[in-house]
Structure formats: structure tokens, C-alpha cells
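These notes concern the structure reproduced below.
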Amino acid sequence: MSIRIGIVGVSGYGGGEVLRLCAAHPEFRVVYVAGEGSAGQKLSTRFPGIGEIGGLTIEKFHPDAVAAGNIDLLFASLPTGQSAEPLAKIPQRVKIIDIGGDHRFVEGWTYGLADAWPEKIRQSTRIANPGCYSVAAISALAPLVAAGLIAPAPIIIDAKSGVSGAGRGGGSTFGFAEVNEDVCAYGLFKHAQQPEITKGLARLSPAGSAAPSVLFTPHLIPMTRGILATCYATGSATADACATAARDFYAGRSFVRIVDDPPHTKWALGTNLVFISYAADPARNSIIAVSAIDNLGKGAAGQAVQNANLMCGLPESTGLLAAPLWP
Amino acid sequence: MSIRIGIVGVSGYGGGEVLRLCAAHPEFRVVYVAGEGSAGQKLSTRFPGIGEIGGLTIEKFHPDAVAAGNIDLLFASLPTGQSAEPLAKIPQRVKIIDIGGDHRFVEGWTYGLADAWPEKIRQSTRIANPGCYSVAAISALAPLVAAGLIAPAPIIIDAKSGVSGAGRGGGSTFGFAEVNEDVCAYGLFKHAQQPEITKGLARLSPAGSAAPSVLFTPHLIPMTRGILATCYATGSATADACATAARDFYAGRSFVRIVDDPPHTKWALGTNLVFISYAADPARNSIIAVSAIDNLGKGAAGQAVQNANLMCGLPESTGLLAAPLWP
Amino acid sequence: MSIRIGIVGVSGYGGGEVLRLCAAHPEFRVVYVAGEGSAGQKLSTRFPGIGEIGGLTIEKFHPDAVAAGNIDLLFASLPTGQSAEPLAKIPQRVKIIDIGGDHRFVEGWTYGLADAWPEKIRQSTRIANPGCYSVAAISALAPLVAAGLIAPAPIIIDAKSGVSGAGRGGGSTFGFAEVNEDVCAYGLFKHAQQPEITKGLARLSPAGSAAPSVLFTPHLIPMTRGILATCYATGSATADACATAARDFYAGRSFVRIVDDPPHTKWALGTNLVFISYAADPARNSIIAVSAIDNLGKGAAGQAVQNANLMCGLPESTGLLAAPLWP
Amino acid sequence: MSIRIGIVGVSGYGGGEVLRLCAAHPEFRVVYVAGEGSAGQKLSTRFPGIGEIGGLTIEKFHPDAVAAGNIDLLFASLPTGQSAEPLAKIPQRVKIIDIGGDHRFVEGWTYGLADAWPEKIRQSTRIANPGCYSVAAISALAPLVAAGLIAPAPIIIDAKSGVSGAGRGGGSTFGFAEVNEDVCAYGLFKHAQQPEITKGLARLSPAGSAAPSVLFTPHLIPMTRGILATCYATGSATADACATAARDFYAGRSFVRIVDDPPHTKWALGTNLVFISYAADPARNSIIAVSAIDNLGKGAAGQAVQNANLMCGLPESTGLLAAPLWP
């Protein structure tokens, strides 16, 4: 049996990573690929390292083609604002995972945080994949919020991302010569994922507790892939108590690793893994949670394939077991 | 059925890449890992992203352990000069692939250029894996030499390598702050792989033709993985004729891609692929062959696993089909 | 007139940057250079781009040589723990700037924060140059602390540094292949510069106010030079009010630039500049100060030369006016 | 006395580097800056690290403004094809240095290879600055050609460049995520600087000798600044003989350093230096010349300022003595 897969937005970084993962997935068969700038190209021209499925040609995305193509599951990775309309035209029997930001917290769509509520995802046909920063931040803080180990405020999240998170395009702003040997903060107090993180954590808060108040600052650093989220919260728990809460919270999950020392993003390179460590100074009532992911893996395409596995009744780790590149 | 694998030198870059590939290999089971500096550590501590086989502990290498451990195939990735003695003590029934440089062109060992003479490798129990530069250079030039399309001299190979090729250690010479934003040539006229390339090409020369004379200049560039070999030769063939010769030479091989435009090393990142392009100016009697590999993939561990597959009677691409990281 | 300069620890990154700046300084003449590993080498061999002063030979450091050499001012950049003893033997008439960490907050030594208390430095003969992280953090927060615009706690400083901050040596830990495409946090709750920052800010607090409580988390990111400090504090001031306080605090200083948007470290590359921006959300009682420096410039050698200028009665910007590299 | 300087194309990498150098030049005063995309911006907004001259506003380039502005010398750094027309309208009394490619080998313009024929440049008012690759290649080969030490063919130049050489713009082709961890060759047999190098070398060939035949292959490597040119030629001279010829050829020149071992591009970072080494294997009749420059320094703006100094009767090194960044 093989599940027929479509990928929309395949020439972007997120869509390209979905393709890479699907190409090696034992149960998925990619039968439809669509892209904007690359429409008309052979898939193997656009992706010289992609093998057997290179016979496909990249098409211009049209919702009718999805129904006509007998597609079982569609990954959509479109720019913000461009997915709501076309995806509404896809028949309900086609499962959809929207990697873009348009359907997060939209009714009828499940927020696809696979490690937090896998059961909900198993029963969904419409998944809004979470933002890359949100995955990193919520993964680290979820166990603490759920266990009531940290105060709802202040929660400060200082995140460092590789530039693939900004997507392709962007001209010289993300040009090598300008990004190399540079780091900067952006979106202070107003990044779109600040409310996303807040809502995600609110869903995990014990009933009756105050809503979390999150302050989120993203940074761009000179690397291609990876997000490190350093999260500062208030609480008197020890690091061990935090780690124990996290191991309980993530019991049975395949991709979450609770580690003793602060993790490196490189440990996750090319994978769907998330590494989390906790440090605490109870005397100062202070807890630091650090998480490391590949922003295109657990932060986008890896998470999307994990969600797809769950939706299709497969083991969540199917096709996602390749170890990280080192070095 | 699963083949019992040992890896010696697992904490180096080459050994680590063998581990990464074997961890995802459907027919190989890693049962023994040895390393110098990391002996005594749990494998999962040294490699946080390695999963199911993390229960192993890294041992100090001892030849007797290989026999006692009922190992079927041993990958050895030891520093130059350190493998001849211990490997001589391994029973003949244990297949060995030496990724280090000690057994290249030694009697009783097959030079492991898997894409050039797979049959010889299928029948061998002792393989000397080729050097990373040699793989890149010979892969590009082999079809031209075999078809008599280029003169035996001069053949100039100008190669650019990421610094993982230098191995771990090396202190500040390969420190980030010194390598970043720098490029240099080294080993002019006297790099150890100059004679290796020469011998490799000589074996492919038509009977009776003059021995090739190779001039090889390696360069270090600020990246982690990848080798690009730009090879200059004399001949009146067109680029198309060269490409056709190469497609014939590599007919049936899984990992060689002859492409129209000069390849990028990134196309091969994390894989066992080799990309080759040809350009020519017949009026000037000049041919340029360009090849791109991952020095730790086709240039070391990928080639080693391909050799292991051949030695074990498996399809050569078993466990090696993951697509390259992009971006 | 030219001031006779000695540099100890010239083969390290901090000492090398002092040399680079002194080589172009119109009033300084380098007459003595000492280094550990490089002793015996010609200066021009070790530093191929250094011109006229290349005739010097690097010596093994001996305190007597400083007196004998008629040196007016000595820059010392030695590993932690190695400067107290030899520097104690230098005659009092020789001005000393210790770039290492041994004399910070030691009696008889002035903490060399040139932009905060230039007058004190003008009158000193012994300067303990501040740590690179401390310069970045204190520069951003000093105006807010001095004006009482932020609460003494919590003050969270999340800093991102290029790897030259770790100095030379360190083996593969700071090797290109391991640092490239990686980011990590380290020293949580216990980095040596956490108390340094706390003490530095305490000196600037208005009389009678509570001592600041600082939480400091450093990160290593894949670049050579630069520190970005993102500082989170509590207060109801607007961003404009913070910027105004900073412009007042730094009135007349040559190297401090208060900017509207979060600065890039690249703006400071190779210079003694520090860029600072403020953002605030008064409704949430929250202030973010961001500063960007070159860790070897304002964070080490640039600051040291600025201090030397002040000690020698020169304009503070003498020899420090080169614009940053771009790109 | 101060010379009034105009810079056209200031928001590109070449123009920006001219600005950086002029800002620290003791005899030059920048009074006019023009740019395309940045017109209307304050210079200090575009270049946050530029100091005293930040009061200028970037204008849209108009030739009349140059005459009206009483400008003595104009640096033009415009895209290919866009400088011939406007520069023709500049009065003859205004000296011009065209950093772009439009006037190389055009009558009435001197090809501005400052280290090869400084006298010619001193007497010129119109200078066509050489291409960055050409500077690297010709600098290394000029002494050998002039002394008749190498055969006119084959001369193979394999050059490796940082991506700032491609200029700003270019979108995702030169995006960080795509350039990082990648190397590729381009323009095989047909790069525009292949004939430029050939003509440059021909001018240096002894009368009556055959015209040189150059094969030039450029590569892009993941760094911002720097070109390394590895040049292969035929000849029986020893390395020492080549070095001696080079020292003679460049006697009295400020920026050329003949070194024993292959140079690193980092030695030239941010400077107008060129480092050259020679290796030879007389038994094989083979010579390798390697040169290293900063493509924006000696390869563009540094050379331009050196030319400007010569044209203005100043010492050629005025304002160009800053030492390279290390690390």
C-alpha cells in the first residue's frame, strides 16, 4: 500500500524539505508537485539529488488537480495569506497539512503540535502546522506550564534562528555577504509568533490558572538551519524536577530528548528531533529551559510528516529515523 | 537477517558518518564501536541524535574483541599509520573496509572505487577505501582516461575541500575563527593523494597507453563538507562526447549523475552521490571535468557502505537513498 | 612624540587586535612584543599583513624586559590567572592595561569602562579592561540603571557571541566543522561575567537603590567576531525616554551610537563602536535594550586602546577612526 | 589641502568600500555620494558605522552635479553597461576612476593596474580599474611573463572568490542559505575576465614573444571577501627564481608581498595587499603561482584609492595602511 502525496510550494525551503522526507518515506508516494517560480521544470532539474521520483514535472498549483490526481494527503507550504482560498476548494476526503501560517487557530483546523496532543491529530483531516519558533518555545515550556511549575508571567523567550527560516527570496537582506558574520534581533514585542506561542501555552495551562504572558524576541544568526530557544521563567522547581516533568509529559513520544546540558542545534540537523534541557536557581526563583530543533525539521517539514503519519494511522516515526548530520 | 557491524574510530568524522549511515541501514546492525578519546562513553552521549543503538558503550579498540563479538564486517577509520598492525590480527572471515590510508595499493587489498570496478569489490574481503580527493578526481576523469579522450599529460586537478576532510583535532589551525573567511592552497606538488590519483587513473588507462601524469593541488575552503574537483586536461573531444563516454562508463551505477552544468557540492550534501559535468573547447584542445561530492559521503563513509553492500551481496544502494539536505 | 608600547600575549586574538590597532596609531610605537607559543618568530612571519613594525621578534614575556625597554605603556592579554604575578613586577611608571580577567575589581586597578567614567581612567596607571560580554551588557543598561528607569530585578541578559571570544586553542570544540551550523548556550547561572556585570551596574546605581540582580546567559554562534546582548528589564519608560537617557548619559563620547532599530553586530566589525537600541511596551512594564559590539574591538582591544589614549592624555578616538568592514 | 571626492554607486559593495577607505583618508574629503536604490537616504542611515561625513545625503547620480559640486576626483562603481554614457559628460578636469567594467581597454582610458605601471597612472585622468579576478591573476603571473619564465600557453587560472564579488542583488542565488556549505564553478571558457587577463598579460610580454593563451575558471566559495588565484604554467624555473623575478618586478611597490608558502586570503582582509607565492617542479616543467587578495580591496576599492593617490601626486599608500583583520 502506498499513500498518494501532493506537495504545493515545493520550490520553497519548507516544501523542498517535505519532498526530501517523502522521497525516502516507505509508505508515501509523491504524485503531484506544484510551485510558483519553478512551474514547468522537471523535478529532477530543480532538485538534482532527488532520485526515483524525478520524473515528475512541477506544475502551477490548481486545487482541481488535487482532486483529479486522486491524492490522499496534501502538504501545502505557501506564503502567508495565499493558502486559505485555494485550500478551501480541496475535497474533504483529501487530508491537508498547511505548513504556512494561515490556518493556525482557525476553526476546523487542528493546531499540529504532534508531541503535545497526538490523539487529536490522529482524528483530524485538517492540520495547521505550527510556526518554527513556536515549536521550539512551546516544546520547552509545555511540560512546565502543564505541571504548574512556572508562573504565567513573565515568560521571556529569546530565540536564535538560521536564515532558512526566512524562506527563499528576500534579496540582499538575506544575502550571504550581509548575513555572514552578523547577528541581529527583529520584531521586538510584535512578532506574529508571540501570540501563537501564548495561545499554544494557554491550551496546556491547568484549568483555572491565569493566562500565560509571553515576551518573544527572535534573532537571525549566520547559519542555514536550526533554532535555539532560551526560555526564562519564574518558579522554584529544581532542574531535576523540570526534567522529570518533561519526561512524564513526553512519555512515549519518539522525537523528544530531555538532556542534562544545554543542547546544540547541530544535534538535530536534518531531523525531526527536539532536544530540551532545564537549568534552575531555586534561590533566585529562576528557571531556564533551552530547546534545539532544525527549523525545517521539527520546525516545519519533519513535524508535518510526523503529523501525516499520525493522520494516516502509521507509526509517528515512519520515514523520519535518519540520524543528524555530524559534523 | 542482519549483518553484524563493528566500527573502529567512531569518534572521528569518518567513523561518525559510518555510524550515522549504519544506524539507518535496514540490513546492518552495529554491535561494536571503538574510539580513542571517547572510550568509556555511552554512544548516545557522544552522539545525542543516534537512537535505538544508543545502548552501546564506546570501547578501546582491541582486535580480539572483533573476533569475540562475532562481527561480520568491520569499518576501520584510524589515523594514518595506525591500522596496519591491528587489522592484520582480524580473522579472515571478518570483512574489513579500511577508510584510512594505510592499505591503498597494498597487496591483498582491493582499492575500493565502487563505481569503477564493482565486480572486483563483490569478490573481496579486504577493501582499502579511496581518499576523498582521489574519489572526486578519479570519478571525473576515469571515463575520459578509459575512452582515450585525453592525453596522459598534463592533467591538472585543482580541488576545493571543506575542513571536515582534515579530520578532528588540529587545534586552532582548523578553528572556526581562522578558517572562516579564508581560503588557502596546501601541499603543492607533494600531497599524498597525488600518487594515489595517478595510480587509480593508470589502472583505467587502455593497455599500451602512456602512464598519466597528474598535478594535484588541494585547497581548504570555509565549509564543513564537500569537495569540488576542477580537472583540466588536453583533448579535442566535445563536452557531449565526454558526457556520453561517462554515461557509458557508469551505466547501471546508482550514485553517479552526469549533469550539463557545473555541479554544486551542496547537491551531494549528506549523500553518496557524485555529480560530474564536462566542458570543452575543442579549438583550444581543452577539456574541463568538474565533480562534486560530500567528502564524508562518497569521499569516505558513503563509499564505504556502498562497498560493504557489494561485499555482502546486497544492492549497492541499500541504506544510502536519503536525499541531500537543501538548503 | 611617540609613546613606546609593549604588547604581551600578542599571538592571541586580543593581543593580535591590539597590535593591529597600534600599528595604525599615529602616536604609538610598538617596541616590544611577547607571546608564548610564537616566541622566537619574527612578528612579520606571525602577522603577514603587518608592515613597518614587522622587524620586531616575538619574545618570551619577562617583566624585566619591560623596564629595560623603556616602555611607556603595556598591554597585557594573558590567560586567566597568569597576569597577577608578572604584572606586579612592572615599575609603577609604566602604565598597564590588563585585557585579561585577573584585575577586574582588584584594589589599585580601575575598571576600564571608558564610556562610563572616562575621567577616572585619565587619572589611572593601572586599568583592568572589562570582559567582552560585560561591555556589551553594561553599555546598554548603564543609562537605564543610572536614571532609575528599570527595577533592579529581574535583569536578564541573553548574549550571542562569535567564537573568537573563546580565544585561540580549544581544539575541536571550536573547530570550524563543529561550530559551523551550530548554536548553543553555556555557563547558565554561573558564567564568570555574571558577577562582573552585576558589580559594574551596581556602581552606576543611584545611591540608596537596591543592588541589581542580573541573570546572564551567553551563547556561541557561528561567526568570528561580534557580540549582541539582548537585555530584558522591568520598567514603564517608553523607548524614547530610554534613548534620551542614553544620549544624555553618553553625551560627548565618541564611540556610542544610540539607534532606533535593533543594531547588527556587523555595523561594528573591526571598530570600537557600540550600537544601542531600546524598545519598550509600557503596558507590560517591559523594556528591551539591545547592544552590538565587536568583541575584539569595544569588547577588548578597541576599548584597551581607547583607555590607553585617555591615560596618555590623547583624544580618546586617536587611531580608532577606521570605519567598519561592509559587507 | 583636501581633495574633493565624489562616489557614484555608493550603495553597492565596491562603492561602499571606496567610501569606507575615503572616510579614513587624510587627504580626501567626500562631498558627493550617489546611489540608485538608496537615493534620498542619509549616508549615516545607510552606513551606521560611518562617522563625520554622515551628514551627506545620497543623491540620484547626475553628471551635472559633479561639475557643479567642484569635485576633483570621481569614483564610479556602476553596473556593467551603465557608466559609458554618463561618464562621458564629466568635464575633463575631473579625474575619474571607473571601478566597473565598461572602460577597460577603451581608448583614452588607462588600465589601472597600479603595481604594474604606476607611472602611466600618475599621468592619467581617466582610469579603468581592473576586474577583481584579473588583478589576482595578473599580479601573480606578470613577473613570470615579463621575465620570459613561462611559456605563453597553456596558462590555467583557477580562481576562488567570496560572494561579495557578485555584487548586491541576485536574490536567492547568493542567499546565505544557498551559498553556505556550497562551492561551484561557473563561466567555464567564457567568463568576461578571461580576455581581460589575456590582454593584461600580453602588455607585459617581451616584444616579439607569442601572445599568452589563458584558460580561466572562477569559483564561488562560501565567504564574503577574498580571491585566491591558483595559476598553473609551464616553465623550468625554480620557485626561488620565480620569487626573485617577482621581487625585482615589484621593487618599490607598497602593497605586494612575495611569500614562501601559499598565502591565505585572510592575510589581506580589508586591505589593499596582494600576497604571492611560487612553487615549481622543474623536472616536470611546471610552475604554480598563487595569489591572495581582498576582492573589494586590491580587487576593487583599494586599488582604486591607490590609483587615486597616484593621480593626485600623493604617496600611493596614503590612507591605505590599516592592517588586515585577524581573525
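The first chain written gets the first letter, and so on, giving A, B, C and D; residue counts start at 1 in each chain.
As a convention for this text, a residue touches a chain if its C-beta (ideal position, glycine included) is under 8 Å from a C-beta of that chain, and two chains touch if they have at least 3 such contacts.
Keep in mind that this is a model prediction, so the values were computed, not measured.
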item: Greatest separation from subunit C - chain, by CA centre; value: B
item: Result of counting contacting C-beta pairs for A-D and B-D, higher pair; value: B-D
item: Cα-centroid distance, subunit C relative to subunit D, in whole angstrom; value: 34
item: Length of the line joining the C-alpha centres of subunit A and subunit D, rounded to whole Å; value: 45
item: Whole-Å gap between the CA centroids of subunit B and subunit D; value: 38
item: For subunit D, residues contacting two or more additional chains; value: 13, 162, 164, 175, 177-178, 180-181, 222-225, 263, 269, 327
item: Residues of subunit D touching subunit A in the complex; value: 13, 162-164, 168-172, 174-181, 222-224
item: Subunit B-touching residues of subunit D, taken from the complex the two chains share; value: 154, 156, 158, 160, 162, 175, 177-178, 180-186, 188-189, 213, 215, 217, 219, 221-226, 228, 230, 232, 262-266, 269, 279, 281, 284, 286, 288, 290, 292, 327
item: Touch list for subunit C against partner subunit D, complex; value: 13, 16-17, 19-20, 23-24, 47-51, 164, 180-181, 224-225, 257, 259, 263, 267-271, 273, 275, 321-327
